[in-house]
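Structures for review follow.
Paired with chain B in one complex and with chain C in the other, chain A is shared by the two complexes that follow.
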Partner chain A sequence: MYRTMIKGLFACMLGISSALVLTLSAASAVHASGTIKIGSFLALTGPASFLGDPELKTLQMYVGEINQKGGVLGKKLELVYYDTSGKAKVAKDVVKRLIKKDRVDLIVGGSTSGTTLAVIDIVEREKIPFISLAGSIRIIKPVKKWVFKTPHTDRMAAAKIFEDMKKRNISKVALITGNGGFDKSGHAQCLDLAPKYGINIVADESYNNADTDMTTQLTKIRATDAKAILNFGFGKAPAIVTKNVRQLGIKLPLYQSHGVASKKFIELAGDAANGVRLPAAALIVAEQLPDNDPQKPVLLSYKKKYEAKYGPVSTFGGHAYDGLFIAVEAIKRAGCVDKAKVRDEIEKTKGFVGTGGVFNMGPDDHLGLGLDAFKMVEIENGAWKLLY
Partner chain B sequence: MRLLGLGIFAAVIAILPLLFPENYYVTVVGVTMFFNVILAVGLNLFMGYAGQISLGHAAFFGLGAYSSAILTTKFGFNPWLAMGAGVALVWIVSYLVAKPILRLKGHYLAMATLGFGIIIHIFLVQYDTLTGGPDGLSSIPELSIFGWPINSDLRWYAVSATVMLLSILFSLNIVASRHGRALQAVHGSEVAAETMGIDTSRVKVHIFVISAVMAAVTGSLFVHEQAFISPDSCSFFFSIELVTMVVLGGMASTFGAVFGAAILTYLPEFLVVFQDFKVLIFGGILMFIMIFLPEGLFVGLCRLFTHFKQEQKECLTS
Partner chain C sequence: MYEQLLQYLITGITVGSAYALVGLGFAIIYNASDVVNFAQGEFVMIGAMSAIFLNAAGIPYVLSIALAVAITAAVGMALEKFAIEPARNASVVSTIIITIGASILLRGAALLIWGKDIYGLKPFTGEETIHIGPATLLPQNLWVMGCTAVSVFLVKYFFDRTRTGKAILACSYNKRAAYLVGINVKKMLLISYGLSACLGAVAGILIAPITFFTYNAGVMLGLKGFSAAILGGMGNPMGAVAGGLMLGLLESIGAGLISSGYKDAIAFIIILLVLFLKPSGLFGKSSWERV
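Here is the complex of A and B:
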């Protein structure tokens, strides 16, 4: 009995000590300074991994490319990243680690709004430039000194959708949303914006993101006099809503948010996806843009490089592209990696053409995108079709 | 003599930051560990000594944390007052819950506490006008002691270490008291304990409330240290993590809980270098410990040590 216990103990000790040795050797390798350290925390596993995965691939690809060309300011870039599994608690811990252990120069990351909002306080306290890759408007409003973001906000998505509804003379809308952070934030923005566009929310249903059937909520919506259905969410649930709408034979126009702007959604919803309208970044309809669009060359080049290496692009990876290059440009302009100077330069970003649109930041706008950065898209025969 | 272990532990904790004031593993991860230790020591009183089980302990941590967060950010309370209010709330809630729930035993008790934890979690996610929903609450003001703001890692280290040492002292004292012996009697056999004149249901309710209040205090401190709270921090998985800490270190041993909390805090930090394999290795190490030291790491090691001493004595005498 005691013999086996001792053997087991040895095995444990061996495991722990080898881990320790590796940690220490990794730590000493890191201290070989002279690089510009970009920290990142992404949802690489878990339900939000469809965000983190293309983001990481994009960052790795371009950091490699920049280094091949000689780096920035004569220094190589070094990407330090951790997985958050989309959990706010983990995000908080790894960002502390990025700042206090890895001592990164700036942070580009935060796949979900939840993980981004969790780290804002610590980023502000430690004074590190941070470019978020998450959607919520709460990240930049009110403006936080050290926090920027590249994706369009949920508020912009709601505005774009309502604009389109107005064009089609729809004034009565049924809203259906999930219980995740993205859903709830979008829900609040919809309710807030609707009156400004003269739109009446006649039904306001909610579901749990893990639900596998939303017909109950949709049946309730069918009983109202709504003229369109708006579903704000991402992941699996919007695909189920879309399918259920078709199964119930509801003929109303169906709107989705930019949260479903990935091929995955069309795959999940199948034929039911046809006819769905949504606002999305220009990346998914890059080929359909007019030739004089300043974004077109940037989009096509990103798309070509990414697809040659990893497969179909998603707009989420594009946000990482924007974040990385806004940071790199700012470091070049600042001429050093001094945190305060880099922050000032990020804020001065003007006319940067990215995948999300043309960025014009300022002291009171840490996103710098206008409503025109969103394209209205309809799904036709399982493919995206640019409307305007 | 009884407090010798605590003294040594306190000395180590006091010296570490003096030697490594800027070390990430000491001043940053250390604070997280201290919070986990308080939670594990509290839960150990209920699980290890009284022999009950709670799979919803993170809920009390969450209630304490959210009370502080909501009262300070939305109603402008003084942080200490908010902490007091949180403790009072948890006191009442845990008392009300304990009465019916602790009549259950074994799997049924596990299910009931699990349910309670999940209900609190759903409440925190859904009641978003108050709790901020899944995004949580941020910009929570910092604590200060008589105008001395606790705003650096080192200061938090000092504060959390003090509270942790007090909680260990408290736990050691409870265990050595009449109440502690009553708990152990309940653990052994409730019927026997009752025949000895112990009001078993009262004893169990008491220790449940004490353990919940310890979690609430930790929650309050945690929320001020992090300046942020979201339902993630008090989910079902955190409850499980706490139970794992207690079991891993060794049930019915205060230092076992300390040990378990320390391992579960530091191991993932060290394993980060393995990237994708870290969860696998983490699980493997936990499995090994539980297979070869089923009584828990600390208790098992202590037993091994005494066993060797005895063997040596036998060698000498024979």
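Here is the complex of A and C:
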């Protein structure tokens, strides 16, 4: 009985492994016939999957579309991707695999700053063009030869917020942030930038992202002479902060970061969200942009295609759109997939209109977005309103 | 200063009430079986998420809450029936590990059923802010405090006055002796898991309108409830309640008067100090094993 079971198991395993060998050889056969291989590593599961999910969908949708139109340089694009669950260690392993085993021509991916920063060493050593989809400014500052990125940085968000405060003659600000990576990085950028805008941080409170109530911190803020509150974070915590501010009857202007630029925030915070100001990518206010805005057609087309296929767009998927098309344009200009040439062409990206803004890269700017890429938005009657 | 302190107290008691209910759940199961049930936080999450989704599915508010509590109780009893009971001869440590496994399973199931999104529940009665002197609170804060007080009272009554409650206590003192005097030990264990799950669900539903829930929101609440039970003295249900309220107040006042950055650290340092001085917790009965 047992023996037959073991035999059966063995046969199964043999079957599976031969099937594996077959698919593997099939995969390499495709490569031999000449495709352009785009490697990607994304946080498809785990806490950061809200980033990786729309990014993968966007990449798949546009790779399919490009291939339907005949590919790039007469070759089909092939997307090879792995899930990192947002873990740095996994990211290192899969990026090595992308480079050494799958022999991809370039990499577009890295949903989180942690996974991106972890693979920079490998990418630099292996000399392969890499466009990251993560936020941190540390990815491109100092400039790394082979590393580029498409999303706005938290530093830009802080700068945009301070710019708006200055316009409203606010100079005393209370800062409240969570304990996550995004929060901490944003916190550091705020403290660093505030003096440059003549802004005085009069209170610096923090909370745990899993906390259920922030009225204590806000009560403390209420007792200071702050003229505005700035909350840098994402997830449920900023929604709780927003509700708590209203509950305590605090009338100060409330600023949030680009981390809450999703419909979910308005849904969670409800009426309390009205009047909140935040910097956000143009995607969420695409319809409100003036018709002469170069981004408008790009945004509307992306939104239409994505929503027809998958449901509501997020700015994160937009970062993948930008990364993919910057890469494709660079390959077209280079006329081949030679890594050094493609890298040089990515660096020469000028006037590329993406979902994140108009990209103008250069040897000392591997992002290429200005502050105008962020729009200042206010929530009015439960909807985004473009301010400028 | 005074006006701020009042607000800190209100926040502390609200947050502490939730910790107290979770801690109470820990204490009840510990009482009945010497096992720390690490799936307690998941009960909180399941209660809140079920209520949110039942309500969103069009079921009347009150009914959806009652159903959510019932669902969570069923999950708690199923956990006992299918995971704890088959391993009844296992050591306490093994059983605790089983509860950790169960918590991971429940979280995974919640992820599959409800996804990764964040959800909120509308408050029991309106969102009009109530002013008490310089401090403000929401009607929901009062609901949290009131329902916690009622639940605690009911649990106390159950253990002090009812035969079933006393039978559960008897199991905790000596399982074999309880069995010999005709108490159905298996059934008592089943009841205590069901009761703990109920309390968890109540905690979750009470705070759902104040905070928001995700599939993994039970982790932190479970940890806080566990700390509350430890602080009050594991095995003393009323100690767990006191521990929960103290933990909430410590966090709030610590954050308010000292630094919000060290909020959790302050609370945990005080718990550690208490345990150094009184290892069985503030209200725990000191116990030692005779060799």
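The working rule: the second predicted complex is superposed on the first by the 355 of 388 C-alpha atoms of A that agree within 3 Å, B and C clash if a C-alpha of one lies under 4 Å from a C-alpha of the other, contacts with A are read in each partner's own complex, and residues count from 1 in each chain.
Keep in mind that, in the parts below, a residue touches a chain if its C-beta (ideal position, glycine included) is under 8 Å from a C-beta of that chain, and two chains touch if they have at least 3 such contacts.
All values derive from a computational prediction rather than experimental measurement.
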First, second, both or neither for A:G180, with chain B first and chain C second = first
Partner chain(s) touched by A:T215 [first = chain B, second = chain C, both, neither] = second
Touching A:S40 in the superposition: chain B (first), chain C (second), both, neither?
-> neither
Who wins on chain A residues touched, chain B or chain C?
-> B
May I ask you to decide whether A:E205 touches chain B, chain C, both, or neither, giving the answer as first, second, both or neither?
-> second
First (chain B), second (chain C), both or neither touched by A:K264 | second
Would you sort A:A239 into first (chain B), second (chain C), both or neither based on which partner it touches?
-> second
Given the touch rule stated above, what does A:A223 touch, chain B (first), chain C (second), both, or neither?
-> second
Which of the residues in chain A end up touching chain C in this complex?
-> 47, 49-50, 205-208, 210-213, 215-217, 219-220, 222-223, 235-236, 239-240, 246-249, 264, 267-268, 271
Chain A partner, complex, touching residues on chain C are 4, 7-8, 10-12, 14-15, 18, 116-118, 120, 127, 129, 136-138, 207, 210-212, 214, 216-217, 219-221, 251-252, 255-256, 260-261, 263-264
Per the touch rule, the chain B residues reaching chain A in their complex are 24, 28, 32, 125-126, 128, 133-136, 138-140, 153, 226-228, 230, 232-233, 238, 267, 269-274, 281, 284-285, 288-289, 291-293, 300-301, 304, 307
Of chain A, residues touching chain B in the complex = 2, 4-9, 11-12, 15-16, 19-20, 22-23, 26, 82, 87-89, 92-93, 96-97, 100-101, 113-114, 117-122, 125, 136, 138, 179-181, 184-185
